[in-house]
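Dropping the structures in below, format is structure tokens.
Both complexes shown next keep chain A, but they swap its partner, so chain B is in the first and chain C is in the second.
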Partner chain A sequence: MAVLNITYGGLSADYPLDLDYALSDMDVRRIAVEVVRAGGVRGITAPTLGENAFDNFVVDRVGGNRIYLRPKVPFG
Partner chain B sequence: MMRVIFCGVGALGSQAAMSCRNLGVELVFVDFDRVESKNILGQAFVKQSIGKNKADALKLQLANFYGSKAEAFGVRLTAANVDTLLANADLIVDAFDNAASRAILSTFARAKNKALVHAAISADGTFGLVRWDERFVPDAEDHAGQATCEGGEHLPMIAMVSSTLARAVQDYVKDGQKNDSMISLSGVLRQ
Partner chain C sequence: MIEVFFLIGKGDVILWSDVGANAGSLPDSRARWEAIWSNRDQIEELAHSHPMGPLAFSHEDTTTMEALEAALGRPLRFSVVAPGGIIVRQNGVDEIVRLMPASADINEGRSACGTPQEEPWWAALLRRASGF
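Right, the complex of A and B next:
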């Protein structure tokens, strides 16, 4: 099981329910849209979030128990 | 004395290098680019540096403003010259602005067993990463020519990410720690 952390609009927070660490990246993005829309991630409020809002986001898996959904960081 | 080579001294690299000036290390800058007027909005360069090579300009600013010494290589780092430029590095700091150049550094560092830390920021200036090469995968732009966070409106976030990078360098120089961090407007999360 794993904790999902979502960064959106410059804010970052954990989704409080455990997820399966082996979820596909696509499933992580789909779940993130649902939980953010529903207000399930403390501090991140976006009830009209689009279906494709996280399509260009990166799914990082860290330490076997944390999944981070974050914007791409191409620049230096 | 430890030799710390900053590859790319744009937004993150120039600001982080300024914060590393008191570490008691040899600072080296590699960047082929020149300072443009727009760069002084988000980078460590001053008006008098416009038109100069970025690596040279940063070296001059450190010398003139703080009396700190540095070396500068005003060239584009490529697979053909990476061995020459980075052979004596004790720590490589990646603040390049493209995945291809970051990949050259990773390939070199892994082949030569060099310490390499990456810093990167999102195009909209809301999120950044400082991550050691052992756990780093470069992100490509969403599309070629994507607008970067060069505007002055992103300077506070650039400062947060570059300060976190400078702290990562400091921790490594001090006792070899390799700390990763994620930076958002919520704060800095050390992983």
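Right, the complex of A and C next:
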């Protein structure tokens, strides 16, 4: 089982992913939108979250089974 | 020259800094994000340099700023230090703070609302670290 950590609205929380296949970054962003809308991430409530809410977020795979969805931070 | 990032806290304290690979970009960095997140309650401003200009926020800057405000859940103050001055964005409003050497026309240092603006102390350090 993998764990998706989502940072949004000043909070950071985990959501268990009971999946046995690799997720693309797009999959991760889409799942995050759905679970946040549904109130499935403890403390993060945004029922009207837009489809593109996480388009400027990075999917960080730092080893193990943890996936972090965090804002991108490059500057140009 | 090189792009430099400063994370500014209350009292104009530099909480964290890093440098890019060249004068044109600061690539995404997990360490930068972790510094921002761990200092989120103290952050007053996020500043970076454009050593070769322009005195403006890039598209990359704008989308990063949107992502950061969404993640932290509050409006933030961002600035770009360029050879011609400093531009600040807060609550979606841009304001240019120009350099004010003693011989300069006083109008050069006026903001959109007409108040002369002084640079924060760290602006000179950011310029020096960036090589301009």
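Some notes on this structure:
The rule is short, and it goes like this: the second predicted complex is superposed on the first by the 67 of 76 C-alpha atoms of A that agree within 3 Å, B and C clash if a C-alpha of one lies under 4 Å from a C-alpha of the other, contacts with A are read in each partner's own complex, and residues count from 1 in each chain.
Following the convention adopted for this analysis, contacts are C-beta pairs under 8 Å (C-beta built on N, C-alpha and C of every residue); 3 or more make two chains touch, one makes a residue touch a chain.
Please read all numbers here as calculations on a predicted model, not as lab measurements.
In this superposed model built on chain A, chain B and chain C take up the same space, so to speak, and clash. When the two structures are aligned on the shared chain, A:Ala53 is found in touch with chain C, with no touch to chain B.
By the touch criterion defined above, A:Gly43 lies against chain B but remains apart from chain C after alignment on the C-alpha atoms of chain A. Contacts of A:Ala22 after superposition: neither chain B nor chain C is touched. Of the two partner chains placed around the shared chain by superposition, chain B and chain C are both touched by A:Lys72.
Legend: residue contacts after superposition of the two complexes on their common chain; A:Ala13 is shown touching chain B, with no touch to chain C.
Across the two superposed structures, the residue set of chain A contacted by chain B and also by chain C is 7, 9-12, 56, 58, 62, 70-76. Partner chain A is touched in their complex by these residues of chain B: 8, 10-13, 94-99, 119-124, 126-129, 135, 138-142, 146, 148-149, 157, 182, 184-186, 189, 191. Those residues of chain A that touch chain C in the shared complex are 7-12, 53, 56-58, 60, 62, 70-76. Looking at the complex, you find that chain A touches chain B at residues 7, 9-13, 43, 56, 58, 62, 68, 70-76.
By the touch criterion stated above, chain C contacts chain A in their complex at residues 3, 5, 20, 24-30, 32-33, 36-37, 40, 48, 58-61, 63-64, 66-68, 70-74.
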